[in-house]
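Which chain is which? They are A, B and C, in the order written, and residues in each are numbered from 1.
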Amino acid sequence: MTTRNIPIVLVSDFGHTDPFAGIVKGVILNICPNAQLVDLTHGIRPQDIFQGAFVLYRSFGFFPKGSIFCAVVDPGVGSQRAPIAIKTRNYYFVGPDNGLLWPAASADTIETCVCLDRPEFCLEQISTTFHGRDIFAPIAAWIRMGTPLHLLGRTMACPNEFKFPVPKLESQGMILTVLGRDRFGNLTLNLKSQEFESGFSALFSLEFKGVKITRVFETYEQAPKDIFFVLAGSAGFMEVALKNSSAARMLKADVLDRFLLKSRREPE
Amino acid sequence: MTTRNIPIVLVSDFGHTDPFAGIVKGVILNICPNAQLVDLTHGIRPQDIFQGAFVLYRSFGFFPKGSIFCAVVDPGVGSQRAPIAIKTRNYYFVGPDNGLLWPAASADTIETCVCLDRPEFCLEQISTTFHGRDIFAPIAAWIRMGTPLHLLGRTMACPNEFKFPVPKLESQGMILTVLGRDRFGNLTLNLKSQEFESGFSALFSLEFKGVKITRVFETYEQAPKDIFFVLAGSAGFMEVALKNSSAARMLKADVLDRFLLKSRREPE
Amino acid sequence: MTTRNIPIVLVSDFGHTDPFAGIVKGVILNICPNAQLVDLTHGIRPQDIFQGAFVLYRSFGFFPKGSIFCAVVDPGVGSQRAPIAIKTRNYYFVGPDNGLLWPAASADTIETCVCLDRPEFCLEQISTTFHGRDIFAPIAAWIRMGTPLHLLGRTMACPNEFKFPVPKLESQGMILTVLGRDRFGNLTLNLKSQEFESGFSALFSLEFKGVKITRVFETYEQAPKDIFFVLAGSAGFMEVALKNSSAARMLKADVLDRFLLKSRREPE
């Protein structure tokens, strides 16, 4: 094996019970039989573009340069929203132009974007309900085979933007928003770990529904039991956690909920 | 890489929590180290041969010619039901002879069928409870290695048939049956989209538990909110859907439930 | 394709909804682009080292010799617990030194164990919360590339031991413990099938919460409906089962629950 096997990475809201993700792989292998296929996850909540965009954004940089991301969270399938492919500095992104690809693609610097309007590169019959199978899978496979983007569709100015909420400074403190919630119940806030460390050090309070969080730890294990705390999460953002338990469940907090962060002058 | 890498496609009711699907892959890779392994899904409901057969039927045609489907939904494991392998016009199917393989295999035209009675092609110890690991996985791997079917077992006349319910014309209208229910809550009916379009056009009513559905749309997005509608689903059958919601949950409908389809003379 | 493609096998409590398992694969493919990646399962209950250890123990022997197991169930991530790699007679195991790897590795005979203290083989930034990505994934990839263990870290005497409970002979009978519970609701007991067969034959009673089980069958299908029974499970241990239903749910039994096994002199 001499060729470097560039992966096609799949992310979607197909779930793992229906055969949709499997069918997408079948279509890709029909065109590119030796593709290295990787599931990022198919567990995005149905039609949750926000979650899909965040998962893609926090993950893409760990994949080999040249990787092709085929992302499908597509409530507008078959409608006016364009199917697109983007070439960024290091990667390719294929999916609907509904914001899903934007945070990852723009973070890597968008070089080219095309609207996928060439049926000769798609399945013979294009349904109105499953473009993951009929358009995005074959296009990802053709990109993997070396087809340049300009052959796959006409160039577009720019895909639709989609931005995560940013911290908001208000009189009572800084409003932070939950960007993600993982299986362990950790809540990812929209505050970069570096910003937290430079701006707040050990004296802060983070409030949510009357609960006040004032402790920061480096690892889950260092934390005492039954005390909410923050730590620098693996996505580069601050997280709210609860040792051996679920902060999300115990706080009844979820994505898009807001926390209030304040500096404290003195230890409590 | 010069050889076309024919995939082995797995579908089962193993779930994704136990190591069963992973073990099956280990056994295959022991025999055929470079196999391209694809999970169609392991989320078939435990022992639900109907669901497994429908998932396989609606999916197989999207895989490369030569693909080997290893399908395990096998409540009769270890009993009299035969373990079989089928060669069809374009594919191979390996699994229990309980109807699971029939709809897909017969749709592609069965050419040969063998009863897997040669222990030398199976694991050394054949358990009575996990033929997916002990028989079907190694057989799929040997087929992938080029072993002809007649070496893997004695030829059988024909596997057991299994047919999905077909639409039934009764005095009050046409009785349709739900064949599938997906993660999004869409309900797949046993009426091909072409038959619907040629026979019913825009004037129809579809009834279930007192709910009357009279609208058809081309895409999910075109539909108004909170109104059940039908559309041509991606499996080639009509589907009942509800925009940004779950028709199955809101109708309390599931696989094998029946809908009544009537023509209407005039718009309501 | 001439090289034998040795798989890297992943097992974790990452779940299938978050992108953690996918990110781990991205990191591996960055170092070893042609790796054959196999998911054993990512459905281990969060932080359940016992379940992870049992799943790995019952599965590893079905994989090709040389396979590299990357196992991550790691509540102590970032703390004093060492990240380790083990070479056994036939396999490699990479993960935290918290007992997770012990039952599988020791069953295959441990030859070398190293503490992974060489950051040059890890990601540039090592987080305190995701060593699966930052340490275990790249180390597994470097082992796959042929890097000898002694270059990856300093040799350790022995990893931490972790032993499953063994049957305990008490005055009233033999106390058995549930080691596993699968999707079908079968309960795996800590009694090897051979020991059951040689010691108890057909005259036994197995008791749990007032329920008395006295029947043994070879297959699920042979059993009558609605009667709990035991059979030789596919992991080599006796299992408690209920035909076409879930013994675990109907008995309200789970991992670590105890059953009492007695010999009977006469048929009941």
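In this text, a residue touches a chain if its C-beta (ideal position, glycine included) is under 8 Å from a C-beta of that chain, and two chains touch if they have at least 3 such contacts.
Here the structure is a predicted model, which means the values were calculated and not measured.
J.: Nearest 5 degrees is plenty: how much rotation brings the CA atoms of subunit B onto those of subunit C?
T.: Rotation angle between the two copies comes out at 120 degrees.
J.: Which is it for copies subunit A and subunit C: same residues on both faces, with over half shared, or different residues?
T.: different
J.: Just give me the whole-number Å value for how far the CA centre of subunit A lies from that of subunit C.
T.: 31
J.: Multi-chain contacts only, two chains or more: what residues does subunit C have there?
T.: 1, 16 - these are the residues of subunit C that touch more than one other chain.
J.: With touch defined as at the start, can you tell me which subunit C residues reach subunit B in the complex?
T.: 1, 4-7, 9, 11, 16, 36, 38-43, 55, 58-59, 62-64, 67, 182-184, 218-222, 231-234, 239, 244
J.: Inside the complex, what are the residues of subunit B that reach subunit C?
T.: Of all residues in subunit B, those touching subunit C are 1, 3, 13-23, 25-27, 29-30, 33-34, 37, 46-47, 75-79, 127-130, 133.
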